[in-house]
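In what follows, structures are represented as structure tokens.
In the two complexes below, chain A is the common chain; its partner is chain B in one and chain C in the other.
Let's look at the complex of A and B:
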């Protein structure tokens, strides 16, 4: 940690010398102070207790200096179907775009957006500082992300515009040192507008980096955001992400996350239903083998009445892997008429693997329908037997059933073509029983 | 709804029925906690040296501990120096040798509580140990029990008469350093109940302890230890009450259960400590550590609790399923009304093969009550074919209360099956309407719906106590629906 603090103080990182407006300087300064006080998450932070021990030693980690320019992941750019605008991000910074943006839609490099004080950016950025959590270190990574604010994107969709699909391809260049790469994606989707983003994390090179990405989106009245995330990081990579969604009335947010790779993956996914009638639909599948560690924390806060949230997550763990899943719904006082459901099912395939799940409910209003279910178990032996009686061998039978189990998540995607590609990817990495 | 509202208001005004103070002379130690206080307690009870050392070690460790803050509770700071750690009813000469020698006022107290130590106990065939403030004042049916070889006595007597048994098992399930409140209890515990069921014995009657806090500014710190040897069986019930006072009083108990091979322990609690008034003033702070060890193969421990009292309840009766094929069960009804807060649940630690656990938790929140279920189900790598089923249901009555669920599930064995489900609901207007149009009054309709909600738990209680629990729930809930 000491190296990193030195970096932060001496300004030895990319984006230090931006010509920032006063408010942005303040954001950075306050966040740096917060990070200095609390540092990275500790084992005593309840929300990190299963994951801290798996994080690599952060003692020697350095901030990325931003010296690379070549994009190593060209081949990644076309591997997902569907048209749409493509943005390549290298080490958290935008390096190339392809396609035409619908008229009125703005896409800016975070650096330029900050320097030119683009409309709307300040309010989106400042939302997070209120959510940073001053008492504990549990949000140390996002404090650090704000303290080094400068890389990433700002996307603005004006009222009523359908911006279509946008691919974000994340890649990291290979370097000797262990680096921490920070990047911020801010989205402002105005009333009645809609956007789909498809994030793809998957480096071809096996570098030992830690990527720390914060995605923030503000969905105004009646706006729609469809968010797909395919994570297939190399075995050595560590990815820490936080997604913060603010939803005004009747807005609709859907998330589909697929964790297929990485060494340590942590994702905090949080949506606040601030306006009446907002909907959040969170789905995910995590497939683990080897000694991977995947930790998903999903939370929906129902603050306004008549909100709906649905959480649907499926996990498979084999080898010596560890899957952590925490889902929470909080229905605040006054959020009457809220409906919330959570479903989490897991299959454990190995004696050395571990699944820790915690479906939480916090209810402060009485006109509410809330339910949750969580299971950990194995494949249904009767179903295996049935398939074998139809002429399949045992391994085939188990593969089919495990795939079907995970496919129930990709089947919820609205786009059948994308669903097919993703379910194929899941089959390619489907963990095997010991 | 206005008619309903007025019925409710009327019923809300109903007060805690066990809030009387018994005017009885008692010896109470001045408030404060130090090694001297612990030495005094130990000396006063004529304890052996090893137990004093055990207490002092716990106390020294406790000094370095911090009160836990993870529970979903708002707790005013507790000044541990303002509490008196020992209070006993003053007996004229020696301690009463039999119930006939017990101060008649005390017996009257228990009569008022509905625990007549003589008659009802005899009629119901239940052996009762009554603990008043810090000490046990009498145990019934001792002779009948001893014929069967069952030891049922106060903890102090057990230390005196069966020191080897106490020394062997004390702290073996809840070590003195287990947590903040268990450490405090280990240092200052004053009395409690001790039960020993020898091999092959099926305890001939239900055993029961009634706890009552009477003196002001005292805390109650009792310890219960139940040992069921191979192939034995026992059912044990505890109940608790306290007077109405404006200050918060502390109750920090420890209960340890040990079930050897094929033994079966059923432990039921009807907790009705003073909950504080409708403005949240006063009430008992109830911080209890309860843990059972299914040490032998095929042993079984079942916890049933009906928690309607206390300003704050912090309690997680747990089972360590060490023996192969052992079974742990937890049935709970927790009710919070007015400003009561409860953070309660269980832990099921599966260590042996083919172990099974079942958790049924029903939380009812009314007024401004906050009710949280917090549970842990841990399947260790060795626990092949283990099975857990958890069901947590919450019922909300009113707009200002809260119901929360924090279930931790940790699975490290691929042959285990763990299921958890939870629902949150309210008493629907359509349900009430249906009952009303069938000629059922609102009060009866509400109690019927609540009773139905809790039925799975009540049927686990011994019959007499199920009736008592149901009545208690009705009283506690009165006026809450609106």
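Let's look at the complex of A and C:
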């Protein structure tokens, strides 16, 4: 048995001794049982085979014991500009907030939310255990996340309230051991309400942590969630995230993810369009160099009629890096009048880099408009020559074209100020051709 | 300014230019005409340094430098400009940003101070006004979604901003309506002075109503077979190019700058 199983059993982890209500104890217990039976994902789990190969040995990893050394604060200096409420998370737990929340909006530490049995939390949390469905190792990370439930946030936006922007700044303290940090973000956005969350992952160099975050959101009728994520982890850190969105009628979810760093990054992004007229708009850019691995799996289930989904992802890989992108849409029986588009394009800058892209589309309904495309290629040499013929040197020409390719994702952000900052961050780390 | 001697060039192993000679002096406009497939565009691409065009013999001297030794961007910085027959669409790259980066790359190469954003914009607006081009194209991505005419206008606009010593217009007139044609001619005529030269590659005489060339050359079978004055273009318009194959070259009055293929 690995160290981690021992940790889990002996209770040698942060948040073990919370005063939980019965339903939460059950959630933990069932998830712990699932994890004990099946463990972490294996190479034989089709959707995890590449990630597992890159993650290397999880045998030595330990659960975080909550010996916080203080939020690194200014030393990170990665904070994104602009207005909004700011939440600092250290090792998955809320350690500080700044700003004023609009009236009626609740933001609670997950520990307090669980112990006080806050309204709505139970149903949101139980949604995921329902979705966990097949009890296999492919959900090992989320099972472990539920088994250690206690860190993270619960955010509740009451009907009709515009909660504005909330920054979630994730940080990890520097420690010797290789730790697995679990955290859960639960969002309940009631009818007609709206919220924007801007997540930023970016830690000190050489930190060898693995962060395992599950984000769950329920968007009630006509609710809006704009979700921006800037991931700039050091080349030594891993980040495993799962985002589960349940969307009721006419709700609107937009995601903009930018993967600029990390040793192994895995993100499962899933939206279920449960009510008629719901919209999911998923966008992302991943920029890889060195030996990095970024693995994105985006999926939209059209369950109710007249839903719309749009997936737009762009990737660039250089060095010996590897990117995996899976985009899936399933239009279920009865989801008539659905519209779905999937677009994924990739540029390989090196012969040693690898990009695996796999679009999937399943349709079991009528009057569906669907399109999908996935490409892996090189820069357009005609465009390179065009730029050079005007005086730009070859490196400049290639950089401009690669940047433009990725910028097409940040340009889709509604906020031009944030788009400018993010496109600049992308330019700063733009992978170079060999 | 430009001396081409015995230029042989191949594309995919097929010889297209077969011993082309040309001398262009500062202040001159030369028109290169000829039938399709004669090698007109190959000449433009070889001068600009496009990959895939292999020079197998001959030399090109531009302002005392061996042009064939230079990278495409070095040629641009030395003052060579090719207006593309098919300008490339570059999504995501703003036209103004692109042009300022290009101009500053050239200025830096020549040891001149770079222009700041405000200074550049002022200069660009002047050029647009002179050329009667709206400023809409400043805010768009390079050639993206441009109509054929807009793309050609954008080439001329770039030329006006970069002020090259040698401008090569590769069939810039093809597919243009009369207004766009006048913009192109305007751009060329405004740049015309004693220090610059132009090479106007065209299939039709129409453009030469607006840009009066000093010399007209006929390029056929990889060589310049006939050279004449501006009136040669009119004769070509009347008679087409078929006579070139019927041994008609000797019958034509020329200034004798070049030999015909049969002589």
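Assume the second predicted complex is superposed on the first by the 424 of 434 C-alpha atoms of A that agree within 3 Å, B and C clash if a C-alpha of one lies under 4 Å from a C-alpha of the other, contacts with A are read in each partner's own complex, and residues count from 1 in each chain.
By our rule, a contact is a pair of C-beta atoms (placed from the backbone, for glycine too) under 8 Å apart; a residue touches a chain by one contact, two chains touch by 3 or more.
As the structure is a prediction and not an experimental result, all values here were calculated from the model.
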Partners on chain A (chain B, chain C) - clash or fit: fit
Chain B versus chain C as contact partner of A:46, first or second or both or neither: first
First, second, both or neither for A:358, with chain B first and chain C second: first
Chain touching more of chain A, residue-wise (chain B, chain C): B
Which of chain B and chain C A:304 touches, first, second, both or neither: neither
Chain B versus chain C as contact partner of A:401, first or second or both or neither: second
Touched partner set for A:335, first chain B, second chain C, both or neither: neither
Which superposed partner A:63 touches (first chain B, second chain C, both, neither): neither
Contacts of A:391 with chain B and chain C, given as first, second, both or neither: second
Angle at the Cα centre of chain A, taken between the Cα centres of chain B and chain C once the superposition is applied, in steps of 10 degrees: 70
First (chain B), second (chain C), both or neither touched by A:370: first
Least C-alpha distance (whole Å) that remains between chain C and chain B when both complexes are overlaid: 15
Chain C-contacting residues of chain A that also contact chain B: none
Residue ranges of chain A in contact with chain C within the complex: 380-383, 385-394, 396-397, 400-401, 403-405, 407-408, 411
Chain C residues touching chain A - in the complex, by the definition given at the top: 48-51, 71-73, 75-77, 81-82, 84, 87-93, 98-99, 101-103, 105-106, 109, 141-142, 158, 162
Touching residues on chain A, where the partner in the complex is chain B: 46, 333, 336, 346, 348-378, 433-434
Touch list for chain B against partner chain A, complex: 70, 72, 379, 381, 394, 396-426
